[in-house]
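Going by the order they are written in, the chains are A, B, C and D; count residues from 1 in each one.
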Amino acid sequence: MSQTVVLGVIGSDAHVVGITILEQAFSAAGFDVINLGVQTSQEEFAEAAVAHDAEAVLVSSLYGHAEQDCQGFHEVLEDAGVDAVTYIGGNLAVGQDEFERTRRTFRKLGFDRVFDSETDPEDAIAALREDLQIRPTESERATISS
Amino acid sequence: MSQTVVLGVIGSDAHVVGITILEQAFSAAGFDVINLGVQTSQEEFAEAAVAHDAEAVLVSSLYGHAEQDCQGFHEVLEDAGVDAVTYIGGNLAVGQDEFERTRRTFRKLGFDRVFDSETDPEDAIAALREDLQIRPTESERATISS
Amino acid sequence: MIRDERIPADELRRIDEEIRSNWSTGDDVDFEDAVAYHESLPDSKRFADVLESADKPLLQPRAGVPRLDDQIELLEYLHREGKADLLPTTIDSYTRDNEYEKAQQGLEKARETGDDTLNGFPAVNHGVDGCRELIDSIDAPIEVRHGTPDARLLAAITFAGGFQSFEGGPISYNIPYTKRHGLEETIEKWQFVDRLAGAYTERGVRINREPFGPLTGTLVPPSIAIAIMIVEGQLAATQGVRSITLGYGQVGNVVQDVAALNALKKLGNEYLPDEVVVTTVFHEWMGGFPPDEARANGVIGLGGMTAAIAQPDKVITKSPQEFQGVPTKEANSAGLRTTRQVIDMAIEQKIDIDGIAEEQDLIERETRCLMDTIFEHGDGDVVQGTIEAFDSGALDVPFAPSDSAKGAVLPARDDDGRVRIFEWADLEMDDDIKEIHKARLSRRADTEGRKQSFRMVADDVDAISDGKLIGRPQSTGDV
Amino acid sequence: MIRDERIPADELRRIDEEIRSNWSTGDDVDFEDAVAYHESLPDSKRFADVLESADKPLLQPRAGVPRLDDQIELLEYLHREGKADLLPTTIDSYTRDNEYEKAQQGLEKARETGDDTLNGFPAVNHGVDGCRELIDSIDAPIEVRHGTPDARLLAAITFAGGFQSFEGGPISYNIPYTKRHGLEETIEKWQFVDRLAGAYTERGVRINREPFGPLTGTLVPPSIAIAIMIVEGQLAATQGVRSITLGYGQVGNVVQDVAALNALKKLGNEYLPDEVVVTTVFHEWMGGFPPDEARANGVIGLGGMTAAIAQPDKVITKSPQEFQGVPTKEANSAGLRTTRQVIDMAIEQKIDIDGIAEEQDLIERETRCLMDTIFEHGDGDVVQGTIEAFDSGALDVPFAPSDSAKGAVLPARDDDGRVRIFEWADLEMDDDIKEIHKARLSRRADTEGRKQSFRMVADDVDAISDGKLIGRPQSTGDV
């Protein structure tokens, strides 16, 4: 069964090369990729995730405003009823930041995994495969949360 | 009155380019330069200083063994009856040392001034002019030390 | 229908007033007062003059921080320690989106907490006085560098604030920088920017304009970049700009880069009116950098070497921290000094490389094809031609994120590392030229024993950051 | 009278026993056991094979610290983080003076206090076992690099210790490195070193020998360096060495450097016997470096670029801390990676620069003049010829500190930055060649509006550390 991932660059960031490579890599790995392109709003991510019943939402940000751009993102997803794995990757802080601090920041914002810009697409694919396998199915989750 | 300086590279150091430049600069500035060349022993410095009644002894060292090479140097000079201004310059420590530490080391060994390898020959010449003027003459010194 | 025509004076005034009401600081702009301020500036701050009279490539870094005092300190540092000849002020991303309110919040946060969450200097929020304080503090020309599709208010404020150079253009700050802005819209907005620069120029204050040559920074074939530079130069000239610096981003192949810079200069002078002084700027590698400062210094070294051979009027330097994020001022200065050392050691040498004339000839022919198609698409009007040519795909930019460009053309390196076109899509080009590219790329495919595919393009995108020029398949490398 | 003749086997044994008694560790050398040890080494540690079979320039840094464990750690680091292909072990200065007692004190002080007052690895004091521990620990070939006039004991111990490459030679480790050693003396001593290497070679253990090409590192005219390389190659070949790496130090003019490396390779192969495998090594700029790491990276970048074009078999890299002192391992690795990046980005490019063949031709003619005079001085014997030619000044090295060379020849750069000879003194050279140099230098003098003088030489000595290639007078520069 092929699984759907929604991919895009958040905020007013226009760095497109990374997601172009990611789109190709995830497609080649057998995922259905919905590429929203650059300058995608939180709402557009949520809508696309709903519309395509996405298993994962992959957010990219390169230009250094990721933190502001992602404030409240997980509430927007939740409000739209999206329950997908969320990853963020790219160049997530302004300046020469230490990555561990950055990771903590974005984990707190609700992302399941945080990737730096040295990430090989293969690593993200491996991680997603793992995460999607260990996730409970819809019905299991219903039981747990009820 | 032209004043005599003895110049050489101490120890088994063979870096000759620096003293070649210095010889030319001090000569051009009106000093009589006795260039002992590279790999000059403490004794050779002392002998030359005596023989030429030098006002200054300029020691160069580039290869990183200056500290060992200069142990006891000022005693040798004193024993030979040399009473000249002593300078040392070049690359005086092994590795990436902080220069202030190096300067203290060589001041303690008895050198009147310590120069790093960024030194412009003109600066050394200016310093020497200053030091030779403010030095008391032979007879004054005799009075003072008696 | 928008055309390549000069905005009438009354229309200029109308738009000027309109856009100045977009943010409170717009009120402080007074044209006469601004002209007087520019006239009061010493020669050393006159951008066009300093650039045009230089006898060797001038160096300029990128740099912008939110707070005024920090920006002054930063530029002073780059001038003093980096020995930058020309200075930049890079504008933050909110300002580029005309979100002055968000920029204001970012600026205030920066002022309160000292934490810089803005990625540049919000010049609109600093206003005319803030800009002048910056200009007054730094003894060198300063350029506004940004990436703003609608830069009208930014231009009005920074020109009045004493900046004499302004980067960007309707294509080069649209196609690579934004998804949704139409080309017609950005052309209209940049006609105002150029017209305003022209108004200063008429009064003797020559504002230098610099179209952004590297575009997406990623394997852009030289002829595409040059054609867009010429178009933006023409648009600016029509509005009265008289000092134009055409840009080009290094692709990493020395012969192709030197040929491209030669072609840029030659065609720029040929296509632009005589009254325009054309200069060129070379951007050190604008694509992905190695995640290692030492290797990044190698990339910068190759850039400096190329600049020493091609001798553009200006070089925009990179820092060894390019991969990581906005560089520290020390790293930024280091990039400047590394570049300076290479240029100064190599520039007096006679280095004539074989094949440059040939490659230049190819680039010129390609560029003329593109220019011809633009003129044809617009029935002689470059504005309409540009819009139509992008629309049809006859003109295109690789990796363009914009909806206004097809972004369907794909580049790949040939066996010598020169950027060729692997997927033409609808790009207009003579067949014999296409054949040349095809032959070069198939030679590479043969060398590598693999088919031409997107995989090759992806490998080329990563190659420099992985330490090579050409993205050879991992398997063939036996080292 | 010493001549270029192979040392007989019994004489080899006699000297071997004699020199091994100079320090306690000499006892542990056993030739048969050493051959067996070398045979046990994996292919990846066979220096000559790795070097000769490489398909791109291999990189090697300089590095040596007193303690064995520190040296292992250092080399592992340079291999892992610097991606060095070949590793060095640089010997300390006391060992170079055969002052093993002083070296021992330094080593003990280092062991006790952790303070490194020795400037290298005292291999004699570490002995055969210490060397083998080093060889065993590092998965790459390692060379002994030093500067020792009498390196017989060092060779005996390091060869037995498993090193398969040994830098230096009777001229190149005499003239630039020491004041008082006679040439006859050093030739005799290096005949032993080469003969010992030849003895291993006969047994299938090809010890690579590498004459030190840069000499004084300071504006050495290429033909002088090449002639000395050929002489040392011939002396080594006579003693049975079969893997010889001829060296050359970058002068900074790309055309001249590429031409020189080409000439070195060509003449090396021509003058040396067929059974010798000749490889070349390019040393990144060996003169004074800028007192600034960023600028130093520019110098290294130009070195990498030159290597990419000339494609020597090996490159000895510099670090950005060259000016300051012995580099940290991080800086040393950085120099390697910067060089690697430039080479790998440029090496697949076809970069044919005009004028290389012409310059190469000039260098070859000059070298032949020097070789001819050497043969003539020695009535066909290269040993006597070398001694006599240095004695008469027909062969000379600029800035030579040695009493064995006149050190009267003075170089200066021409207007293009190529190193020419300004003061010939007694150097043997055809008049028409002298005229070429003279014309080139007078063109420079014209450009600068000053007379040729020692001042010009001094300015050239400082130029690269001051950020330029050519030492132009301060006054003409208006920047």
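Just so it is clear, a residue touches a chain if its C-beta (ideal position, glycine included) is under 8 Å from a C-beta of that chain, and two chains touch if they have at least 3 such contacts.
Keep in mind that what you see is a predicted model, and the values were worked out from it rather than measured.
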| item | value |
| --- | --- |
| Intersection of the contact lists for chain A and chain B | none |
| Averaged-CA centre spacing for the pair chain C and chain B, given as whole angstrom | 55 |
| Chain B and chain D: spacing of chain centres that average the CA atoms, whole Å | 31 |
| Cα-centroid distance, chain C relative to chain D, in whole angstrom | 45 |
| Numbers and ranges of chain B residues touching at least 2 other chains | none |
| Two or more partner chains touched - positions in chain C | none |
| Chain contact graph, described as a line, ring, star, complete graph or other shape | line |
| Contact pairs between chains, per stated definition | A-C, B-D, C-D |
| Partner chain C, residues of chain A touching it in the complex | 9, 11-17, 20-21, 24, 37-39, 63-65, 67-68, 91, 93-97, 117-118 |
| Contact set on chain C toward chain A in their complex | 93-94, 96-97, 99, 106, 116-119, 176-180, 216, 218, 287-288, 291, 321, 323-328, 331, 399-401, 454, 458, 461-462 |
| Residues of chain C that touch chain D when the two form their complex | 55-56, 252-255, 290, 292-302, 304-305, 333-342, 344-346, 348-355, 415-417, 464, 467-470, 479 |
